[in-house]
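One structure is given below, encoded as structure tokens.
Labels run A, B, C, D, E and F following the written order; every chain starts at residue 1.
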């Protein structure tokens, strides 16, 4: 039976899921696992508040528990890694690896630079992210985090979004000591190359990073 | 209008809530806020797994949002501090302080010793607790954590429970360097004095610690 | 017998003590302990240098040891927490809790934000404060500290002092990542509300924070 | 052109290289990159001392620089990660990712447990490993490290080696708080399953972990 | 004018001062500074409690300020480094370096091993020492600390004292991971060689370490 | 037999060695060890890249092993401390202390201020330095690091070099919180006094710091 990596977008935006799906094309190889991206129809329009994050957990658990037998790994595709530990616990009896894009994006960044900077969408997410970095024990490698300061409605303006990302990234590199950047959101893989070219340091797109790690883990069966 | 501190037990065990209520007697003073303890009728029988913790969050948020206008502070009475940040966010418009017993128990311990040890009920909770200590940034003060290794059904055997707590506490003090202990659960205030006498270092009962902090905060209005 | 919280100002400025006393009004409740503020007549005019801090310790110890039998807790009201551990040691036989305003102010801040900034009076105090944060093991939560750069004589100019505090606070929030501030001195409770309104993040007045914690601790008898 | 992951064993033991090669079988997929394992003919018999580690660097750099144009990633297959940063620097103009098995094994462990333990071959390697964990900034997640205490000549006794690994692993789990283990050497993949079954926590074989991460990275072209 | 390093024993035990003086013989060279050891006639019999430490500060400051013009450096010879920062502040106008034996002993240990263990006299000193290691920011290098558990009156039994030091040292090395030890007291240089031979890792005698550092600093004039 | 401290410049620039030699004059005292500075004829012109650092190690080891019997200590005079641990290992049988100028410069700085800043020559060295600070476990004391941004050919312009050092130093002090600076290179002792005067905080010249520490260590025979 062919095995499948399930990438779950905890929000209900199909457009975000499509962006994720497109970004994973290079990781689909003959002989490797299928990669299927799912939208959380009953999720919030976007995961922004702490309540969005926490409210997404139990629906995610239920969704994952119901995944078919071909499930080789689960990837939670939201930079707040909602439910990462609850889903791990729920999938443990099936020995399915569960990875979060925040965790994997950050760990990947640790192989690409000495101090990571993070580009967030919202200022209000930064304290939550900092708690996660502390829980991960990686604050000694943290250079800083900056939000792009756009309303959700403005994110559809791609030129503006990229410009703000470049501004944030340059500040992190030039003034806060970052030598690798992590994009602190799930649906912006399309900006990675342009951002990396503009800032001059490696940029990690966290969903790609997580699915990349999941691919090997699924093959190993860990 | 008299103001009230609402202490919410996220599990549905009325016996646990009664134990909490009894433990808070010294903190009820004429002229001070009322202290009312609530049971989560729709909560799990006990908060043990990560899914129990995460599943408790949104019901807690809804319960807190619906608290009456006399609410002067909310105390979440479970050592995993379920929903601490989501409830804070939800209560921010009303400027109600929200405190968790884990956070407050640990912070109180930092004033009573240099390295804290924690007595947990279950081994499986320890990684979750460690993530919380990392998120709080207090691992430099952490001596160790040990579980008492009892089934939930055995916790009704008070002599056995106390014996195991003393064993765990002594090990933390004598072999792991703890000079203050925190009881890693909500409903065991009745054991505090005996435990402290037996181990010879201060013991923090976290619900008392949290309501104690909430009392002052309610008076200050922060 | 009614019990008393003794708040000791280690400097000899009665005006500072009066300011402290006024700030504690909300914490005086009919059924709670009395709160009495004492001036150290033989203390320095202000605690500014390391020698001021260290010179204040033994007089404080002697003063505390001589406190009457109604003493329910001691609060050391200077942001350098002079003699905190010596007074604890001296009061241990009487089982009197001893709290410092720096320690309690910082611990309280950890419940109000993820990264704390501190507003100091003097630049020369910052290395001493940093040693204290390191000893407390909370540097992972530290955003930065800035001094207001005023001479002691200028502190009587309240408008100027507040203006400088707001400048320092805004810098800590906007450029150094603080989402909660601690006022790094004992006698400035009067500025708290205006400062908080101006900077838009919670502001901890450390003497209020410490007496608030002491109130609960005295009731519990820990 | 088909792309190749080059896994370089910095010692001259062909038997070790064969063991590595066999362990990578699950990671070879039809549409993925080739995986080729190389022995350092001019390397030491085993990398044991600091001089072995440092002496291995420049030959490794020269070897890597000479790798053919199909090189999609380099994996340095020694738990001391000799030359990791020098090879990265040397391969940067060709944009070839370079991964070390220690770094990748540890990062992978961070997704499988909260505190990692490491099973080393030699006691004398532990200070070197600790410097690496410090440089990586992951000591907050470190539970402990134990050496199996065997002479190199004894490592050919597989039953004895496994027994010692299980002893070390159990000690790390039961007495030092590890909930995930990393095998601190390159050529022992054959013991992984038996070790994991015996200790009851996930065990990371670092070469598999590193090649697994390299596979995704090669596909992404980062 | 010949310059002098003043080594000040903050307690009034002339025997301790004599032991210090004898230990410094190798550091007296014809063209180097004189080394003079002073007893604090008005100090405590031994520095054991926090009050002993804090009570020693201001007399030390006064003594140091009165040192003659030949003073090239001050070394505070007590493992609690009483008054280190106050004496530094007081001697700054004269540009005299001030070193503490705890700080210098620990920094020297960092050049001799990766994780230091400390042998203390009294259990009650360990929390104070831990605060100092935290203030120094070196806890990532800390393996553990053990007290020898002798009464002051028993320290005159040299065979017993050495035996206990060896027991403590061996435990730190074999069970807590220390690969360098620091003697946590000022007057025990006579045991260093025997202790080092017995435990098999380098042992730092802190007064020798501090005077050794002061010698070079005096020559440089920093 | 008179004993000798060997200071080895790992690069082949005799001019750098001469600068080092001149800077050590104050540390040469009658009755003390000789201090001899050696150039690595087969070293790189300057140690700039990671490959320069790693390529310098084995030649250094061979050079040190061949040092004559009068060798009392080895000092590696390059701020990347190339081969520090390999040379220590190689000299251990002869019980010769081996010190690196980065390690000793930083440890010395810890006695002169609470947060150190480092002035680097090249931006590309900063990640390598950060790994070293992490391995040393001293990042809690780290304020920041800035490169002077000059090409090697421009370093012969002393006025420009000093100006850039002062700019970097002032930025570290005024904007990043440093209260002590370390010069992150071996051959610039001549700028120390002017730099210190300009920035107003202590400045550590690392080769002087290391030879200063080695002097005492050689006398003690540790």
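Quick note on the criterion: contacts are C-beta pairs under 8 Å (C-beta built on N, C-alpha and C of every residue); 3 or more make two chains touch, one makes a residue touch a chain.
These numbers were taken from a predicted model, which means no experiment stands behind them.
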| item | value |
| --- | --- |
| Between A-B and A-D, the pair joined by more C-beta contacts | A-D |
| Selected pair, out of A-B, B-C or C-F, that shares over half of its residue contact pairs with D-F | A-B |
| Cα-superposition angle relating the copies subunit F and subunit C, to nearest 5° | 120 |
| Between subunit A and subunit C, centroid-to-centroid distance (C-alpha), Å | 42 |
| Centroid distance [mean C-alpha coordinates] between subunit E and subunit C, Å | 32 |
| Cα-centroid distance, subunit B relative to subunit F, in whole angstrom | 51 |
| Subunit A, residues touching no fewer than two other chains | 131, 134, 136-137, 139-140 |
| Arrangement of touching chains [line / ring / star / complete / other] | other |
| Pairs of chains satisfying the touch condition | A-B, A-C, A-D, A-F, B-C, B-D, B-E, C-E, C-F, D-E, D-F, E-F |
| Subunit E - residues contacting subunit C, complex | 49-51, 53-55, 57-58, 61, 83, 85-86, 88-90, 128, 131-132, 134-137, 139 |
| Of subunit F, residues touching subunit C in the complex | 113-115, 140, 177, 179 |
| Residues on subunit E engaged by subunit F in the complex (per definition of touch) | 26-27, 29-32, 97, 99, 103-104, 107-108, 110-112, 136-141, 202, 204, 208-209, 211-213, 215-217, 219-222 |
| Subunit B-touching residues of subunit E, taken from the complex the two chains share | 126-127, 130-131, 134, 139, 144 |
